[in-house]
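Going in written order, the chains are labelled A, B and C, and every chain counts its residues from 1.
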Amino acid sequence: MSKTNPGNFFEDFSVGQVLRHATPRTVTEGDRAVYGSLYPTRFAVPSSAQFAASVGLDPHPVEELVAFHVAFGKTVPDISLNAVANLGYAECRFHRPVLPGDTLSTTSEVIGLKQNSNGRSGVVYVRSTATNQRGEVALDWARWVMVHKRDPEAPAPETVVPELAAAVAAEDLVLPTGLDFTDYDFAAAGEPHRFDDYEVGEKIDHVDGVTLTESEHQQATRLWQNTAKVHFNAQARPDGRQLIYGGHVISMARALSFNGLANAQLIAAINAGAHTAPAFAGDTVYAWSEVLDKAETSAPGVGALRLRLVATRDRDESMTLRDAETGKHAAGVLLDLDYWALIPR
Amino acid sequence: MSKTNPGNFFEDFSVGQVLRHATPRTVTEGDRAVYGSLYPTRFAVPSSAQFAASVGLDPHPVEELVAFHVAFGKTVPDISLNAVANLGYAECRFHRPVLPGDTLSTTSEVIGLKQNSNGRSGVVYVRSTATNQRGEVALDWARWVMVHKRDPEAPAPETVVPELAAAVAAEDLVLPTGLDFTDYDFAAAGEPHRFDDYEVGEKIDHVDGVTLTESEHQQATRLWQNTAKVHFNAQARPDGRQLIYGGHVISMARALSFNGLANAQLIAAINAGAHTAPAFAGDTVYAWSEVLDKAETSAPGVGALRLRLVATRDRDESMTLRDAETGKHAAGVLLDLDYWALIPR
Amino acid sequence: MSKTNPGNFFEDFSVGQVLRHATPRTVTEGDRAVYGSLYPTRFAVPSSAQFAASVGLDPHPVEELVAFHVAFGKTVPDISLNAVANLGYAECRFHRPVLPGDTLSTTSEVIGLKQNSNGRSGVVYVRSTATNQRGEVALDWARWVMVHKRDPEAPAPETVVPELAAAVAAEDLVLPTGLDFTDYDFAAAGEPHRFDDYEVGEKIDHVDGVTLTESEHQQATRLWQNTAKVHFNAQARPDGRQLIYGGHVISMARALSFNGLANAQLIAAINAGAHTAPAFAGDTVYAWSEVLDKAETSAPGVGALRLRLVATRDRDESMTLRDAETGKHAAGVLLDLDYWALIPR
């Protein structure tokens, strides 16, 4: 028993602590294919090497979310194996495309700690950085997660709550080297809507729904070497249900958003994210988006849309984010994600 | 809502109209592996790069049905999103092998229209052509599909019904450049039966059955970026059942046909195809074949068999295609496919 | 019917007979990705090309079990299509890493026969050898399987029972050329435990469990082109249940063993293996290991652990292999595998 990983508990973390996560993982064309079998993704850049090259991306990058899930999965055994809940993300930036053949490794630094008033758990804030085999940063992000204490009697650490930006500033977005949407082929990409066609405040119902299965979410989550027990083991929860990895819902919603946002080709940053309700096999997931902000960028022909991406259980044509009475996320909202996408101008 | 794709309705089509479908897609070794996890395919050419090279195919092509599904999937959002039924295929020819790294794009031309007498739908005939990144034709085919009208009051178009060949003539088959079965290794391929061992009229019961699951058909269909709602969304049909993509049954039957047709290595053409009954998860699919015709070809050692491939729900050892009383396809027949295969002489 | 493969029956085998199995199969990065979606594997060597290169393995090999399943799958149509039970493995050695792009072919020689006293079946012993496209041996193993007779009246063959080693001797292990654990990165690999930290007799509860699904085991088994009907066809057994391929449990247990044996990077040999109870979808599989032996090797920094890997239905923290009363495998034990792993010293 002593050789197995019990995961870290709240009192195992200290501010400034650096955790180097196992195990490095090489991303391949196989991952692109499996991803495409699990999510209805159709964005032209990750779908077509030829299209990607036509906008300056050669070799052919995988989707940012592939990189995110791989990099995030590394952190689970050390950060969230004993988590009660994944509370939020902030300041996630994609620094360079991840290419087949790249090997990702992830390191995390503890940037905050706050014990809960019940004394049985606390919130751990980490900043995680994934690098490729050349040591270049591929992406980084902050995350906070509620973690059990091993011993409720263990003393509370000094409370440190890091200041995290509500959103990545448009001028801090990192654009892939060479990205150029000047000769963007809208017909090939699937929709005519460009940067100027979207208005702040506009909402888009992405219409399509996908019914989740027990096999598919496990295959996805396993592909990222995510080891959280509740996803794979029907005996891990008293109700015998397998909780679906929140990232599965992120990828599903992002893929569904193609229908109305087909030209939002690349994710440049994730500003915030909350998994507001659990998802289970049998749920039918829909998505809608809201345009939160718009910004120009320095890359030729490239604009940035700040989008709220909302996944719901069952379709909500009213696109209601919050319950009017309680102010909390409306019943049925599974995901509330805030991100920057790059789109042709 | 206005930014999402509502699909085309019957009155949106006009004869001569050309639709350029989104989104181009690069085929990779990942697709071959996922395909192999979903279908019990064992044909030596797509299974082994070494075997393929030994018959003149180097680099290592993927199965023709991988190319077909990818190319077909492109057409769904524009042609059949509002389809009532996929009525048939004709004149499908594979013009050159598709190799890992190839990017396929598909274009369709409307070649016929015929409003139904009920005024609420009509039949759309299209000829679709998939090209690779060099603009070379990879495959083309005709297809007709019954599509809803948006407005039953919309006037009927002039009826144009294209003349489509009952079968691709043997002399019109395109053989892969370099294909040579002279030194074909029957032991490696798995069966001794060659061109001369098959007789017109002969039927082969392929014996094996596969029970379909909800996850696998969705993964397959999603891999092809097929967006038809009924396959993925349990809420799309009143009965809550997810209709299985007809192409899933085609690939399953083709893979099952290995047992008795192991040397029918390549599909050169699909002459006709009908999805005669819906398939659902839980169904156990079997297949049988009938030799319809035989032809010599110009490639060394290569013959062509015209085969009827029939998929059934539950095994039918009697191999009955049509109900003796009604003349319609027998209950349990899911697929009636007519194709040309290339086999060593 | 006559063209399909009925499989061999007991009386079709003779000692000394050599069977060359169809069909050769090329292993790719796609297989690595699909494997990673089906098993929670995290061993650093197969996970990371960079890590593999750092221990002398470049290009990046796939897991030994990928090679085993592919090579084993080839033998099913000829050896075990009419099997009652797979009785055991012995003397399995991995002779060289299998790399993406390698094509594996398998040949078997019948090395023993023993008719059962009931006259209706018998045990067939084979030694199988998988070679790559250069004719180099990738792995070989002995296996014995109980096979039905076609005709119970057929005369019994002379009984020949081969002598098979209880275990591969440590000095007979083949180490991958260039393997060097001198600069092994324990932090990247995920655990600090090295050769000297394991003691003979030590047991390790791997803690984690995975609930099996109908789709995943079929995808895995199909990936290896294994054609045994009971895995795929719910109509093949009177109880309508689909028997899970024993190799699925081997791979699951091996992947689960990462938690406590993360540095047991490579499988050098399989000494023995028994599938002691059937597994079905819905079962939750756990694993524990016992250190049976230890040995030094000639490769720099590389030690060998002989391990018993036990998979159980439901967790057995007592790690009981055999029922105290009957001496048989305890209820719940699915797999009893004995293998040599290579680990840094």
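The rule is simple: a contact is a pair of C-beta atoms (placed from the backbone, for glycine too) under 8 Å apart; a residue touches a chain by one contact, two chains touch by 3 or more.
Keep in mind that this is a model prediction, so the values were computed, not measured.
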Touch-based graph of the chains, sorted into line, ring, star, complete or other: complete
Same-residue or different-residue interface between subunit A and subunit B, half as cut-off: different
For subunit A placed onto subunit C, the superposition rotation in degrees, Cα atoms, nearest 5: 120
Separation of mean Cα positions, subunit B and subunit A [Å, integer]: 36
Sequence positions of subunit A contacting 2 or more other chains: 28-31, 33-34, 213-216
Complex contacts: residues of subunit C adjacent to subunit B: 1, 3-5, 20, 22-26, 28-31, 33-34, 77, 100-101, 103, 105, 133, 213-216, 218-220, 222-223, 225, 227, 229, 232-236, 242
Subunit B partner contacts - residues on subunit A that touch it in the complex: 28-34, 36-44, 47-51, 60, 187-191, 193, 197, 204-211, 213-216, 259-262, 282, 284, 314-315
